[in-house]
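Next come two complexes, and both contain chain A; in the first it sits with chain B, in the second with chain C.
And now, the complex of A and B:
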């Protein structure tokens, strides 16, 4: 096992290097656009040239690449062309917001997916089973962004239960420490933050969580059905173990591992999903920051955001893989 | 308790029975027909103000009302179907062709080439799909054709990996061994021996991926990275409608509903093919 883990860890910086290079090249394939966008605001010719020099855009692409990599290894992501803000600190503000949303979505996905899967798996072939499977397919087939908008229409416009926009109401004054609302609420003793935050996070989390719950639902369902057919379950039943106990103690435990893996893999997918949910709900996370920067051709912010999202994604996938090996001893021995 | 054969398979949709099995094919057929015939059946020009008030409600003249620019929404949706199908089907076709070729080479040749290709695939797959597509669109500029390319590129590694796995499974079979022992070159083995035997599962898989491609493309359009306005594009129409949800929520609901119906129908069709394949 040690060898495999080592190999994956060695591969990590290589992957990140390629990711950074791809991001750098993609953003520079259309040269000068950012300056033209900015330049249209300046009428004096000298100002535009000075700006180009300040941003280092007059240098050759190789020089720019060298500077970019040099800064990257020092965790310096540069400054926003448009606002002059330090990209690293922008990432520091927006990444926790996205992680919060991804975790909240994961909670929704887990509850909905496992709940529907257990129910359908416990009664396969029945009307309830068919109904639940249809729901899971429906949820999967809905465009995420559109589902989010439908939730806004129903729960914000018609019922008025939740706010539609942002992460906290502007009336709340919040001095961030870690930028994680729940952690800050504990550190600062500001428990009044929790309810407004929950209200804001509910709809985006439902959007991402429900649309991704189908995979987990189907896996749980199949797991329950397959496990119920095994010899040891038949033995348990023949011994006279009561039905519910067989279900929860014997079947559920054996299905749990497969479920855990899927949850891990889906957590990575949540990051992609939250990009869209953040745009729909005006949620100030790193996905929305990156998309806005791309649309404005704010190179430094876009590449910083893209690299951080990709790096985070790679790390999560690695962690999932390792925890799977840890949880399943058979893989530990075989994975040498 | 009786469980059908279908229950035992993963990722199986609810099994449709009888006439219901024809429904998704009919829906897809109808949508394709509507997309092709759009210029003939659409009552108005999709990008021109039709002279009616903005955000007109549903009426016989405007079955889906008019949008925020006074354009006939029914005509816009009809004209938006074609680009959606072109992007999703085109992207998957391209991804199958390129990813399939790369995966075939990787699986049949093996060795260091295989290792290199698979590591490259690993790196491409370490990107969240949507981010990879966004970067491609940034590099190429936003347009319907580039949207197709972007979605294709984000799917290539998936098909490369799948084809490699299928090809590697075939290479060790007797018939491939026999071909190689008879002195046929690697190219012959790839194209004439292995490829025909992995084509069917690959195409069946591709059908299901069309649904994913359509959703990805719609999301990118929504983010403003697909067709340039005023071209009718279903994803972008949802975006435009979202700004008006307080006044006319139907303008954002309808185009999204059409995307959802297309994706759902394609998923069910793909599943029926899967079933016949015995997958």
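And now, the complex of A and C:
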């Protein structure tokens, strides 16, 4: 198993090289540049040329590419063209925000998806099953941004239960240590941060979590129905195991193995995919940072954001595979 | 003679729902005594597994309907409530399934699977149950039982898995063991060991054993009585020696001929022509008539009932002993 981890980790730089190249070329293929966006602000003659030279944009695209890769292997993501801020520190601020949101979304997805799936799978063919299946189709057919906007209209504008934008109210005074609100709340003893944060994260997490829960519900339901038909479940019933125990101990445990992979893949997708929720809810995560950077042609920030998201995606998939091996005894110890 | 351990009278089963609903068993009658091995033989789809599972109502499902009577150790099985039925399963009647690789939970160790049977019946706590599981594995001839109890099914050989399956069946000391083709998934060399094990367990524990098989060699070597099933009915029931000596039902005779690898006049392997019907499509005529060399108009017009004849019973208008 150690060897497998090593082999997979070797591929990480390869994957990242391709991602870096793709992002680099795609950004340069977009029309316009950050310099042009600044256009009207160049009052002194020569200032524009000076800036282009400072940013290295006067060099050929291949030279720029070489410099970019050279910095990348030294873990230097460069500086923002617009603000001059170090991209690594921008990532350090925004990535935890996205991870927080992704974890919260994952919790929503897991509870909603597995809960609905187990209920539908336990009573297949009933009215409840039909209703839950309809709901699941609706959930995975709804576009995230549309669902997010509906939530804002209902819960922010009509009911006024939740705030619509941001991560914490501006009235809260928060000096970040780890940038994870919950971890900081514990380290700093600032438990007053928790409730405002939960209020802000609820709607974006519901948006991402519920729209992804439909697929999980389907898989859980099918898993339960298929597992219930297996010979070993018949054996459990023949042993005299009570129905609820058959369901929770025997069926659920075997279904969980299949679900685990889906949750892992979805978690990776949430990191990248929460871009939409971050934009709709004005949530200051890495997705939104990257989108803003693309719009501003802030090459270094866009590149840095895309590469970090890709690296996380690969690492999470690796972790999923490993946890699957750990959870399934057939993979944990090889048969003889 | 003492009262039988199991007594089945007129057991009829309607299983499945909608268009798939079939009468899977029709008026099945038989007795099983302690220390006795009863073999149920027949082709695939003849209803032998269905009959066995019906004894513990394992195949009842939400829509199944059983009628007739199943008396086990004084209990009327068909009228038990779900709690009493659960208590019967494992403790009164246990089952060894055909394909142990599929019938054992892939995610739990063998020891825990055996122990759970005792724990759910509150016979023992987990600690004592695990210890007893190791003893049972020893009893069924598992080498190194203490170590093997901690293994998962995929880490064992086919023969070891089947032994574990038998140990699981014995966990709550049942009075009746049903073995559904316990050796079909195994190598020939291992088959003999497993069958010998079952025979010795039945003798030692004074249990009843119902052995479901399509292997007549196994029947001849092991069984005390034979039940031949065809299309959901028993067509012949006989003590084993008399059965092989002189089968009465033409189907029994054709089966024995086919099994003995005899060549017919044309030098080909003897087979029974045609295919067995589904239990569901049988009307009020002899189900074997379309394949039977002795069939007459009477066979196609009426259903022969299972009548006693000396030490055996048979359901045929033209049995083989009528010249």
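Remarks
Everything below uses one rule, namely that the second predicted complex is superposed on the first by the 319 of 336 C-alpha atoms of A that agree within 3 Å, B and C clash if a C-alpha of one lies under 4 Å from a C-alpha of the other, contacts with A are read in each partner's own complex, and residues count from 1 in each chain.
Rule of thumb we're sticking to: contacts are C-beta pairs under 8 Å (C-beta built on N, C-alpha and C of every residue); 3 or more make two chains touch, one makes a residue touch a chain.
A quick note: this is a predicted structure, and the numbers were derived from the prediction, not measured.
By the touch criterion defined above, A:268 lies against chain B but remains apart from chain C after alignment on the C-alpha atoms of chain A.
Of the two partner chains placed around the shared chain by superposition, chain C is the only one that A:253 touches, whereas chain B remains out of contact.
Using the contact criterion defined above for the overlaid structures, shared-chain residue A:231 touches chain C, although it does not reach chain B. Note on chain A: of its two partners chain C and chain B, the one contacting more of its residues is B.
Shared-chain residue A:301: touches no atom of chain B or chain C.
Shared-chain residue A:240: touches chain C; no touch with chain B.
When the two complexes are overlaid on their common chain A, residue A:279 makes contact with chain B while staying clear of chain C.
In the superposition on chain A, the residues of chain A contacted by chain B and by chain C do not overlap at all.
Across the interface of their complex, chain A is touched by residues 56, 58, 86-91, 94-95, 97, 99, 102-108, 116-117, 120-121, 152, 154-155, 168, 171-172 of chain C. Touching chain B in their complex are the following residues of chain A: 11, 15, 18-19, 22-23, 25-27, 29-30, 124-125, 130, 133-134, 137-138, 140-146, 149-150, 152-153, 157, 215, 218-219, 222, 225-226, 268-269, 271-272, 275-276, 279-280, 290-291, 294-295, 302, 306, 309-310, 313-314, 317. Against chain C, in their complex, chain A makes its touches with residues 230-232, 234-242, 245, 250, 253-254, 257, 328-330, 333, 335-336. The part of chain B that touches chain A in the complex is made up of residues 1-4, 7-14, 119, 122-123, 126-131, 134-136, 138-141, 211, 215, 218-219, 222-225, 235, 238-239, 241-242, 245-246, 249, 252-253, 256-257, 259-260, 263-264, 267.
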